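What follows is a set of structures to go through.
Okay, so chain A shows up in both of these, paired with chain B first and chain C after.
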Partner chain A sequence: MPDNLSPRADALAKATGTERYSADETPPGCLWAGVRRAGIPHGLITGLDVAAARSLPGVAAVLTRADVPGTNRQGIVHKDQPVLCGRHVRHCGDAVALVVAESRDALAEALSRIQVECTPLPGVFDPEAALLPDAPAVHPGREGGNRLAYGLVEKGDAPGEFAAASDDDVLVAGEFHTPLQDHVFLEPPNGLARLTPAGLLDMVVSTQAPFRDRFEIAHALGLDPMKIRIRAPYLGGGFGGKDGATVQCLLALAALAVPGRFIKMAWSREETFLAGYKRHAATVRLKLLAKRDGTLRALAGTMLFDAGPYAHLSGEIMALGMEHAGGPYRIPHTRVEGSCAYTNNPVGGAFRGFGVVQAGFATERLMDALAVRLGRDPAGLRRQNALKPGEHNCVGVMAEAGTDTAACLDAVMAHPAWTGREAWKQAAPAFTRRGTGLVAIQNAMGYGRGLPDAAAAKLELTRQGTFRLYNSVPDMGQGNASAFVAMAARALGQPPQAVSCVQPDTRICPPAGSSSASRTTYTFGNALLRACRAMRDKLLARGALALLCDTPERLELIPGAVSDPVTGRSVPLARIGMMLCRDDRICVDQYIMPVVDHPPDTGREFKLGFPHRFYSYGACLCAVEVDTLTGTVRLVKCLLSVACGRVFSLSGVEQQLQGAAAQGAGLALFEDIGLTRGRMRAGDLSTYLIPTALDLPDIECLALDDDEPSGPLGLKGMGEIGIHGPGPAVAQALYDATGLWVRHLPVSPREVLEAMGGPLS
Partner chain B sequence: MIRRVFRPTDLARLWPLLADGALAMAGGTDLLVRRRGQAAVDVALLEGIGELAEIAAMRTGLVRLGAMASHSALAASRLVTARLPVLARALLALGSPQIRAMGTLGGNIATASPAGDSLPPLYALDALVELASRHGRRRVPLAEVILGPSRTALSPGEIIAAVLVRPPVSGSLQHFEKVGRRSALAIAVASLAAVIETDAAGRVASARLAVGSLGPTVLRCPAAEAALAGQRLTPDVLQQAAGHIRAAVSPIDDIRATAAYRRQVAGNLLLRLAAGE
Partner chain C sequence: MSERMELSFTLNGAPVCLTTEPGRRALDLLREEFGLTAAKEGCGLGECGACSVLVDGELKLSCLLLAAQLAGRSVVTAEGLGTPDAPHPIQSAFADCGAVQCGYCTPGMTLATSALLAQNPDPDRDAARVALSGNLCRCTGYVKIVDAVLAAGAALRGEKP
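Up next, the complex of A and B:
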């Protein structure tokens, strides 16, 4: 298959180290900003002495809550997170004071001289306990107490179905837990800011949402959002962790305090663990009712998310999880309740898989439980219940036409890793047990109803006759900028070298939503293709002037020129570029993702982001080898199929699936933040372990034939779906290998060893 | 963190630097991490002192492993892979390619971590450590050099110059296994090094067993060694010796594993020898 993304437009610059990330912006003479953090999970600040820090040579400013103009509240939707804490500290990473200094050494010294006196308060670390009436209040006086959000989605009459269950039915139930997860992007949160003499707050930030950042900063600090400029160069990874303010408001505050100077803030890895957002830990309790022939009848249960002390997008994450709780299956009756609880744990936020990771693990485990009860092959049971186009998912939204879950399962079930699994298992070497698991996966695309999933794209013909596209959605490594270059080159009939790409800059790029939600290439790509069509029409019309052609529709846009096939004459694009004024060399167009036409009457609590219309589907096989002497689990095979519309670039699809599956494998087998009463025991990369290249197999990908007519060149988003596979597939494989019934992630060697040999003494 | 950096090219130039308070730095893979956020110090790099990196067979039958030989150089050395495979295997399980390229055998000893990956093989090989200072040289058994976590018997101004080991007779079983929570860049949860000589009938003539990460220092297990003596390496024999290992260790609970898991695995690792090496 020809690959439209080979080589990627960013390959050479990144391989040779010339690509400039936000972290590379350190102008001569720039100041350094840093934060003193609370270090305790819950308490009241009774004394804050910054005099010793302020008097230190090389210290430009020391700021506390009293120095914050505006609301001092940040947050994407719900504004409940202080930029600097005044009195109440709600988690260990809370910011208490901000220092701006001439050097990193002076900064470190000043931070260490700040005296913070805190009276500890009883903390609440268990989301279950947080919802009890006598729990310590994370936000005292708040209506609703620690219950940050609640929601209910239902379809049909699940309670009635469960009540009417007979001996001909089978009921399975379980409680499942998925942990906090750190994004571990390579480039920690950082940025550069300067308040210019003209009063513009000029910032370069490693951010997934430059356009929204302006409003979040402006709200927190009482500024005019239009006087804030954000540039977002390529990110060294994001995965959701840079969707929402990290350094933004703090850095802006520093810039206000020391006008005219460049100020840089760069979190260390440890600070990123301490203060950065995490995937929400969640407890999911579900029960599933089926007929003896395996037909699913009803699903009911609850999902509880640990939000930490601030909302971020907790409610929206919970909503998406609930929307996916039925899996890609046909279930006539469903009822799922969700809650988010405030606690004094780290702040929950966006992370690839956004609530769906938590839901999918529970749902797939229940499907396994049902297969065991019925003595069925777990893949066949899923195949039997797979949602088909035109059928309604668990919240009552009709599945769109296109390649479906059954096809995704079939592709993996036909693979030798599945058909040959018993022979492979029997051939296990000494001290080794083998097992294989196969699960279905799905992930919705876009923001969902209630807010526009929008992007505007700007395309410019240069005076040299080449094209410049203005990317409005940050590229955090997923390759969207390269995809946009390739799409534009193709749409304009030009070689890719003729298209350059400007990275997001709120001053010169038209607005677009964030780099998130598997939406980036779909939404911006559609806007860009529209801009390309407008550009093509324009160039033919302007070329007609030069070619004295009264019927421009007969003209052709060829590499570097507009050509008239009738006369054989052509006019170079450079000539047209020179001829036009700048306004006329630019085309801007936009796109908003279509939403569900007739939304079901459920999920009424969700004002934003519910329900979703488009899904990508897939299946994932994992095979494990377990060492019987140590309980060590090796993931030795990982295979994913995906239906995500037309494939624009196979390498692009494979890279997303592989990266996502690797992150899913980390969640399944490695990553454990060791949270104890609000404190992380694994707060750095020597203790918080992510898989290395030696811990992962070659991850095989099967991209199926598919088409999404609304998508740019027929594609759908698929940046998240791969992360859902390894958790439940490894769990199923471990049952196959050892009989261990996994209810929580990550799985430790101790549990595996115990499962094979009884409890350890 | 670092104030001045010195790079002496022979030992004579090193001694005054150490006397003036400079820290001796080998590969720096531990030292630089430990010095983060600490007061600035002078360092004296050992990398320029050529004799410290030599790997050679000596006329006495001992193999001399220079303290500044990197883990990757040792693991690639024909002498080490042919005569001391137990050490080569351990070094290939240490850190990552980058760490192995920088880190040194002497540094791994000086760090004195119970999880030092090179240490169980060196204990099992009854390694001697050659210490050098301006006053001369002395040879000390490794187990007497390492006193506890981060504690050694080195005197002020003294460095590790080399490690001396006598290779086991050819045909000996040399086995190393590290249990980590991942396959690279992992601190050992437990490890076992075994050097076992057998007679023509397959009976154990001598067994030397050392375990890592199961107490404050790497530990030899004489009771387990004795239980193997004169026996064939059958599952029953190994199971009995494994019990002695479990009884001898004093593991802790930490972020990586529980003490109970470590104790169980400490014995289990020996059972793998039944597969026949």
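Up next, the complex of A and C:
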């Protein structure tokens, strides 16, 4: 398989430490901004004394709610999160005061001198309880109370099917829970800001959505969005955790308070745990009806998401989860209800897998339950019900060509890790049990209907005859910037070195949406290829002037030149670059992702982002070894197959699958925020464990090379799908190894040990 | 913190001398006094490895080292291994093997690799995983990083790829 992306254009600068992240922007003499957090999950501020902090030498400003111009409200769709709390504290990480100081030491000292008096309020920490009539109100007076969002998706007549079930049918049901998960991007949220003498708020931020940030800051602080400039250099990881409010509004507020000075805000790891949003904890109750031959008939159930106190994208995340609740399977009748509840837990928000992690775990567990009931091979049962092109998914959207779950399952089922699983299991060494699981996975691409998934791409011919592309979608590590360089080089017939890449900057790049939703390479890539075609036509037309050629279509764009094959003459691109005015050296074009043509009449509550047209599909095998003395589970094999359109870069696909699967393995086995009544135990990387190099096997990838006709060079997005495999596959493998029926993640050694009947069995 | 000391050490092969607070974190010293930003802060508590540097050839966490502890030592950061135009074979191996994604952990990973290969020029995958286990990566699942360690070892042993 060809690899168009090896090595990545960004790799050497990063490996040698010369690439500059937002975190590296600390100009000499910059001020430091930091936040005093509430520290209690629910309460009323009765006293806030900042005098001692304000009078400290080296303190430039101390700001409270009263100092916030504008609405003080941040949020992507729902504007419900205060920049600084006035009276009501709704979670431990709420910001109460903002300090700007000459040094980090002065900042820390000032923050510690702020006196916050709070009257605790009864909190609500269980999303079920939050929806009861007598629950404490997270947003008093809000219409709808603590129910932030509700939705219903259905197809056919699921209640009728369940009512009509006979002895010839099999019914399985269960309740499943997935926890809060922290992104643990290695670069904590941070940024640099300065209000220039001309009144421009100039910011460098580790953000996935610079264009949207501008409007969010402007709304919260009462500013003109066009007087805010945001640059987003390469991110040190994001995974959804920088697709929304982190430092942006606080940092902007600090910059307004001390005009002209550079101001840095850099959250510590502890603050990131405390104040950063997380993957939503969710409880999913589903029942699944099938015929004795394994044919799925109906699915019904509920999904409940713990939103924490602020909406972020909770409703949209829930909608995507509900859209995926039927798995990549053919189910004629479905009915799924979803709710998001406000609580006083940490804020729920975007995270790779965006609701699908929660749904997929439950659906795949039910497929396992069905396989057990029917005495079937779990992979074969999935294969039998795999959704095919032209059939309708669980919300009634017709599956596009490239719906290749069956092929993905086949690829993994043919692998020795699956065919040889029984022999491998029997060969377990002493005090060890082995088991293998295999599940199907899927993930939609793009924003979905109702919100244009659009990108504009700008491409410039330099006066030196090289090309500069203006990447408008932040590269948080997934390699989209390098992919864009490779795509442009190929489309223009130039060596990759002839294409440089500017990272997102709202001042000079056209808008292209956020780096999220498995959309980045697809949508911007399509816009870029259009810009490349426009550039090619332009260069041939301008080259024709220099070559005195009246039929530019016979000319060719070759490396570094436009050439005329008839005369053998050519004109260097540098000549053309010198010849053209700046406006003429630039091409801009755009693309909008196609949406579902005839959307089903369901999910009417969802105004934005429902349903989706394009999906990637896959399968995942996990094999585990269980220590019978300690209950410790080791993931010893992990294999993923994926159908995601054409493989532009096998290395790039593997990077995404391996990284996503590693996060899924963390969710399955390690990551536990330790939440009790709104307070989390996790505050650092020794109390919240992510997989190390010793905790993971060599994750193998099988990429099916397919074609998505609408995709740039035939590709689809696949940055998220890999995360869905390990949770349910590890659960199935643990059943195979120990008989433990996993209903929640992460799996603890204690419950594994108990399932085996104690430490000595 | 107000007392200052004269501090001399070797940084990426060149002698340096400056006046600074002895209790300043080595990480901040490198990043802010010398502009060497390859060492990153990921946790500030010695748990993630992103701030790794070599001190007299040993892998150390610069967020836990104080400025005074560098006196008389030889400190190497990722910038001292190589540059984009003249990369060290370890850095080339990371790029060629697709081991760099967000890249925030990469400078530390390359130094951990350097420390390993100095002790064990021909490690197997398990040895590589042990050597890198103090350096967290959230992007890669470590597969290609281990590939890169082995490829770097082969390159440094003079084997053709």
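In this text, the second predicted complex is superposed on the first by the 756 of 761 C-alpha atoms of A that agree within 3 Å, B and C clash if a C-alpha of one lies under 4 Å from a C-alpha of the other, contacts with A are read in each partner's own complex, and residues count from 1 in each chain.
Simple rule for what comes next: a contact is a pair of C-beta atoms (placed from the backbone, for glycine too) under 8 Å apart; a residue touches a chain by one contact, two chains touch by 3 or more.
Predicted, not measured: the structure shown is a model, and the values here were computed from it.
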item: Which superposed partner A:V77 touches (first chain B, second chain C, both, neither); value: neither
item: Partner chain in contact with A:E654 - chain B first, chain C second, else both or neither; value: second
item: Chain B versus chain C as contact partner of A:M579, first or second or both or neither; value: neither
item: Larger contact residue set on chain A - chain B or chain C; value: C
item: Chain B versus chain C as contact partner of A:G236, first or second or both or neither; value: second
item: Touched partner set for A:V588, first chain B, second chain C, both or neither; value: neither
item: Chain B versus chain C as contact partner of A:A108, first or second or both or neither; value: first
item: Contacts of A:T692 with chain B and chain C, given as first, second, both or neither; value: both
item: Contacts of A:F185 with chain B and chain C, given as first, second, both or neither; value: second
item: Touching partner for A:G477 - first (chain B), second (chain C), both, neither; value: second
item: Set intersection of chain A contacts, chain C complex versus chain B complex; value: 686, 691-694
item: Contacting residues of chain B [partner chain A, same complex]; value: 37, 96, 179, 181-187, 189, 255-258, 260-261, 263-265, 268-269, 271-272, 275
item: Complex contact set, residues of chain A against chain B; value: 108, 430-431, 629-632, 670, 672, 674, 681-682, 686-687, 689, 691-695, 749-750, 753, 760-761
item: Chain A residues touching chain C - in the complex, by the definition given at the top; value: 6-8, 10-21, 23-24, 26, 28, 105, 183-188, 234-239, 266, 268-269, 476-479, 651-652, 654-655, 658-659, 661-663, 684-686, 690-694, 696, 698-699
item: For the chain C and chain A complex, residues of the former touching the latter; value: 1, 31-32, 36-45, 47-48, 50, 77-79, 81-84, 87-88, 91-92, 94-96, 98, 100-107, 110, 125, 128-130, 132-146
